[in-house]
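Heads up, there are several structures right after this.
Both complexes below contain chain A, partnered by chain B and then by chain C.
Right after this comes the complex of A and B.
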């Protein structure tokens, strides 16, 4: 292997395309004669359509046609295994299951004509009063049947006995609000039929899922559906599942006889692609006087829609992270008239927030430093399975993070640290998120007669750096210089890959690339040692090393031959394809430390400093990994201090479907963020020692901010977001 | 749409802009006539809003004739008529900055202005910054400092940064943060964006 290709801070290989405007996202695809689609959304949350008048819309200039449930073809609801989680397809009947459900699609020659005509569609409803408030439905909560994350009522030991044995018990109720992904690129489908073959340019985190869902919905063979996604303008889960607008656009493109481009408006995204469900969480934690946990009871209640039962904010940290003999973790659901909820960046953030905040409460009750409390409950094994982690340097993260932050200088008394204009708070928490454990990916490696490699996999790059790190992995395994390798993605003609979600890309696609590249390298080595003209003739293949484009005898770097000359003599390219293989579930952790400043007069909180030290196994690319850690921390600032989607309690509509009502962090909200990595390979990883990591760094930071606010003001605000009004109320 | 709400002549008065703005915003939301129980407007009324006009836009130094309806935003004219898809649409209502371009050297949100208002002005988009293979210092700094992830906000960030350096708002990191806050980045590359702007400003001074 070449030294140094993996692990370096390498600038993203798609950077130039992105800074010049050359990168083509789904809405930028050049499709001849494309018409524009615009959705018309239901204005009621529960009821049925009783009358539709599309005449004015149809007569408007430029309109190709207007489609409703009366004119749409029947579509099959794709199976949940395709990532289509909603258990119905809209525009198939008159029923309305949530506000903002598509009831018509207008297709016109230009966007402006489609927008104009969409306003002219008249829909009359018979509506019932929707139920959309979680607090009102808590009495109806139930425990859903086991889902994709296993049982929703997990029990280990006997929490009654654990609590009876505790020296201290802390009870707390936390809530987190409904939130939206808001990737900067709203979802896009551009669907073009040629006979019975469909090509879709889609802003998706999973081209294979999209292909499978379209195949099932439309009843066409898989090989007739091609999905192309070279660039995605952020996803964060919004584009992980497949959503109705994709199926509907493909269906109307066939009816209209013209390619159709549908770009969701920002407002439409709020009901079109899921959201992070609101949670209501109760925690009871018992501990011995020395801080060792004796019991945790954690009940999470969240809304599910009328049509499905998806529960995504699962309590992995509660089950897996800390050494505790008695644990009960229950996920409950309440049916409400809301759209289907889904996963949003770091689904475990919501439950981690409550757990890590309650642990802070426990540290106060025990008068024990919060870092020390966590060190005393560190576990060498996955507490849920009892199996050891591939590697686990969480203790080192606490120690290094605390040292870099200067934690030893903290005065633990709340309200004790101040500066001229206000109160200062220091808080910390553990970052932890499961990673990978999904079906994995295949990859195809072609080594040309010029000795360069092209690697392809049907994966995606959401900005996480897939193009870059897969090129690095390929170069490392083959022993080629980085510039001699190209990695291509985003086309269902390539070997299939799992969706870019669940921190599964590095373990899944990375291991697929390692397998294919290892086989391809073996073929080249076999050619070199079998060729009497080669300086490596007759050498044991196991004694051959590859680096910088050369094969050489290990320990004898001058006895070498280039990839190029081996392939030239071979006279034809070498092609190897690996099949998808599941990647084991990893657990990436870290320790995060936050300083906040609170202005008590106006209740304003500023995050002043974040220090995070993480253990993601081997770091493939320090620059892209650091950027993801920074991104996670900033998401945590949004999650904890500002983001929440307001639903009108009577009408069930989103009140804030835009970026001025739904606040996300802006540049001026963000301080310097220091990121450190332990960077020691996980020997159990099939991806050169690297684990999935993308979702870890948002966790922990949320609670660290909340804990810092408590340290600053001496009051615990348990309902997120921690907004100014709540701070003022707490202080008065 | 009632007759009154329809822009009747091409021009750049504030009134016209507001009216045209209302057209697109309405379309993006609830079908209002249905909500208000109004009769739908006639197709004829809609037609008067849509008579196309010939305009010539000077984009990245090149005169680009095109035919647009008066209600077409500069953003949609660039993307859908001129094939300049580097400029992005994140919200279509002035909230995200993804559509930022320079008009006569000033940064504006191209979703909030109409193409017909920009005739005779110098429009610069992200496609117009590099000189052949040589990236503009701001572009190069964004790559070097990893001021991007998904890249969707990046054209807008870069156009904003180019203008901001010209405006002289780079005296401190805090000042850069403040003056770059009209450009959202949901991937949250803000610290790297600040570094890129700071480094590019140094290089350009």
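Right after this comes the complex of A and C.
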């Protein structure tokens, strides 16, 4: 392997196409004769349709047809293993299970005509009072049966005994609100049938999921469904599962006899692609006087819909992160009249927030520095599995982060640090998230007679840099210059890959590329050493190195031959395909330090500084990795200080279905964010020592902000978001 | 959005004539109107484009600033004469929207922007302002952003304009043109309280066109400040805001003109709070008394009670900077 291609800060290879508009997203697909679909959504949260009048809409200009549950074909509910999590397909009967459920689709020649006709669809409901308030339903909470992530009532040791042995016990209740993903690009389906073959241009994090769900819903063979996703304008989990609009669009395209494009409106995204469930969390942590944890009890209660019991807030860090003999981590559900919840970057953000905030409370109770508390409970192994981590430099993260932040200058007394305009708070927390551990990906490598490589995998690039880092991995393994390698993705005709989710792309797709490229390189080496005309003729293959487009004898760089000449002599391309193989579960961690400023007069909080030092194993690309960390920190500012989706308690409807009602940070809310990496390879990672990292950097920052606010004002605000009214109430 | 006709007007008189048609509406920057139409909150058969009318000038004279109704928010905010003579106006404008919106949005349109109340902005939810008699969802609903002063049992939506709050403190005058001819309306009388008719927001007659604003700039000794409290650093509407023009001499308040945003269905004046300041030394006790006078009669709902202490704190914060204090 040559040095240098992996690890550098390399700008996204698709960056120019994106900023010039050359990148074609799903909605940009040019499909001849495409008609436009617009959804009509239920305005009640619980009830049934008693009358539908589509005559005016059907008579409107340009309308191809209007589809309702009365005219739709019967669709099979795809199995949850396809990523279709909802347990019903809308528009199959008159029942309404949540507000914003599709009740009709208008298809028209132009988008404007479809929008205008959609307003003319008249739906009458018989509605019942919905229940949508978690606090009102806590008494009905129950522990759901084990799901795909295992038990919802994890027990290790005996927390009763652990608490009895504790010198200090901290009890706290934290809440986090319902939140949404808000990708820049809303979900898109463009469905085109040719006979009984379907091509779908989809904005998805998982083309294989989409293919499987369509196949099951429509009852067509897998090979008849092709899904294409060259670019995704952000997903954050919204596009990981498969949602009804995709199935419905494909079904109406078939009925209408014309390709149909459907783009969710911004408002529709708030009920159509999942959300992070609201949480109510109780924590009880016991520790010895020296800070060593004796017990953690963590109960997370969250809403589920009427027809599924998807819970995504099992507290992974509570189970895995800190050395603690007695742990109980329970997920409870409360059935409400809400849409199906799912995962949002990062699934552990809510539970990590409560855990890391309660640990801060513990550090105050013990009068022990919060960094020191965490160091004393550092674990060399995954506490849930008992297995050692492939590598773990979390202690080095604490040390370097604290040094870069200047943590030693912190006066631990709350309210003790101020400037002319108000109070300053310094807080810290641990960032931690699992990465990988999913089915992985295959990859196909083709080395052309020109000595260039094309690598293909049916994965996706959410904007995280998949095109770029896979190109780097391919170049590194083959020993080709970066520009001689192309990576292509987003087509179900390519070798299958798991969804771009769960921080699984680098370990899953990366290792698939490594496997295929390693085999392909071996073939080229074999050709070179077997060819009497080659300067490498007869050399032991293990003694051949590759770099910069050449094969050479290790230690003798001048005894070399180019990829190009080997392949030219061979006269045909070399093609190698690797099968998907599961990637080991990694654990990427970090330490985050935050400074906030609080204006006590009006309760205004500003995040002034964020320093994060992370251990993601080897860093494949410093620029894309750094961007992940910055993006995570920015989202964490939103998560902690402003984001929440509000549901009217009587109507059961989202009242903030746009980026004016749902606030995310703007540039003025975002301070300097310093990102550091330990950057040491994880020997257990088959992706050149790199672990998945996408979800780690949003954890930690949220609690660090909350802990900093406590340090500034001396009061703990346990209900997110921490808005100024709560600060004023705490200070009054 | 429904289809509509579009007609550019080439003079104010022609615009007013075109507006005689029922369901016609003027469009300038369109930064609010188009959203409302796309969301089905408002439907208009005809849009009369007034952007070509000669109403964009900003004139700064000895004792007043005259703003053409079509001057863009950014034109006014960045105008050197405005910044010098009426910094409050510039501050309030820069506290609103985003640079992109400010480049498009006109001064006249800013005054007529509709409330951000989400029950109003979703055309399928009950709202007396949008659909008289359909009920107010906010009274018993999610009302953290709603009015604590000046509301009625029909409507507690707040007026969203920062500019209107500043103009109220500055005692500006709106000039208009209608079929009955031109007229001037003090901005303090321009907005209506919701009462039983929250759908009626201003005293404008159907088809009446805002042509400009006259803002007095007489008292050169007065200090002014606009403070906007909101849920993120920028590009967000006020939770509460305060516009204050205060003259302090020898530590005593000689003049005080206050207006408040985010707390009422219209830019809110409080003569009682002003009276609590005038003639008194600008001490903490005076400020506290003004704050108490301001919120006398305030009606908190389930989620917005915090605005009552918050607006008093915001007022105190603003006054804290005046008369050499701090």
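Simple rule for what comes next: the second predicted complex is superposed on the first by the 732 of 732 C-alpha atoms of A that agree within 3 Å, B and C clash if a C-alpha of one lies under 4 Å from a C-alpha of the other, contacts with A are read in each partner's own complex, and residues count from 1 in each chain.
In this text, contacts are C-beta pairs under 8 Å (C-beta built on N, C-alpha and C of every residue); 3 or more make two chains touch, one makes a residue touch a chain.
Values in this document were obtained by computation on a predicted structure and should not be read as measured data.
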TODO: For A:247, decide between first (touching chain B), second (touching chain C), both and neither.
DONE: neither
Open item on the list: If we overlay the two complexes on their shared chain A, which of chain B and chain C does A:112 touch? Say first, second, both or neither.
Closed with: both
Open item on the list: Just checking: does A:704 make contact with chain B only, chain C only, both, or neither of them? Give me first, second, both or neither.
Closed with: neither
- [ ] State whether A:635 touches chain B only (first), chain C only (second), both chains, or neither.
- [x] first
Open item on the list: Touch test for A:96: chain B only (first), chain C only (second), both, or neither?
Closed with: neither
TODO: With the two complexes superposed on chain A, say which partner A:184 touches: chain B (first), chain C (second), both, or neither.
DONE: first
Task: chain A: partner with more touched residues, chain B or chain C - done: B
- [ ] Could you tell me if A:234 is touching chain B, chain C, both of them or neither one (first, second, both, neither)?
- [x] first
- [ ] Considering only touches as defined above, state whether A:649 meets chain B (first), chain C (second), both or neither.
- [x] second
Open item on the list: Applying the document's definition of touch, where does A:672 land relative to chain B and chain C: first, second, both, or neither?
Closed with: first
Open item on the list: After overlaying the two complexes on chain A, where does the chain B footprint on chain A coincide with the chain C footprint?
Closed with: 43, 112, 115-116, 119, 660, 665-666, 668
Open item on the list: Give the list of chain A residues in touch with chain C in this complex.
Closed with: 43, 112, 115-116, 119, 601-604, 606, 641-642, 646, 648-651, 653, 655-657, 660-661, 663, 665-666, 668-669, 723-725, 728-729, 732
- [ ] Can you check the complex and tell me which residues of chain B touch chain A?
- [x] 1, 23-24, 26-35, 40-43, 46-47, 49-50, 69, 71-72, 76, 79-80, 83-93, 95-96, 98, 125-127, 129-130, 135, 139-140, 142-144, 146, 148-155, 158, 174, 176-178, 180-194
Task: Complex contacts: residues of chain A adjacent to chain B - done: 11-12, 14-25, 27-28, 30, 38, 40-41, 43, 53, 55-57, 59-62, 110-113, 115-124, 181-186, 231-236, 263, 265-268, 462-465, 623-624, 626-628, 630-635, 658-660, 664-668, 670, 672-673
Open item on the list: Per the contact definition, I'd like the list of chain C residues that touch chain A in the complex.
Closed with: 1-3, 40, 116, 118-119, 122, 124-125, 137, 140-142, 144, 227, 229, 231-236, 239, 306, 309-310, 313-314, 316-317, 320
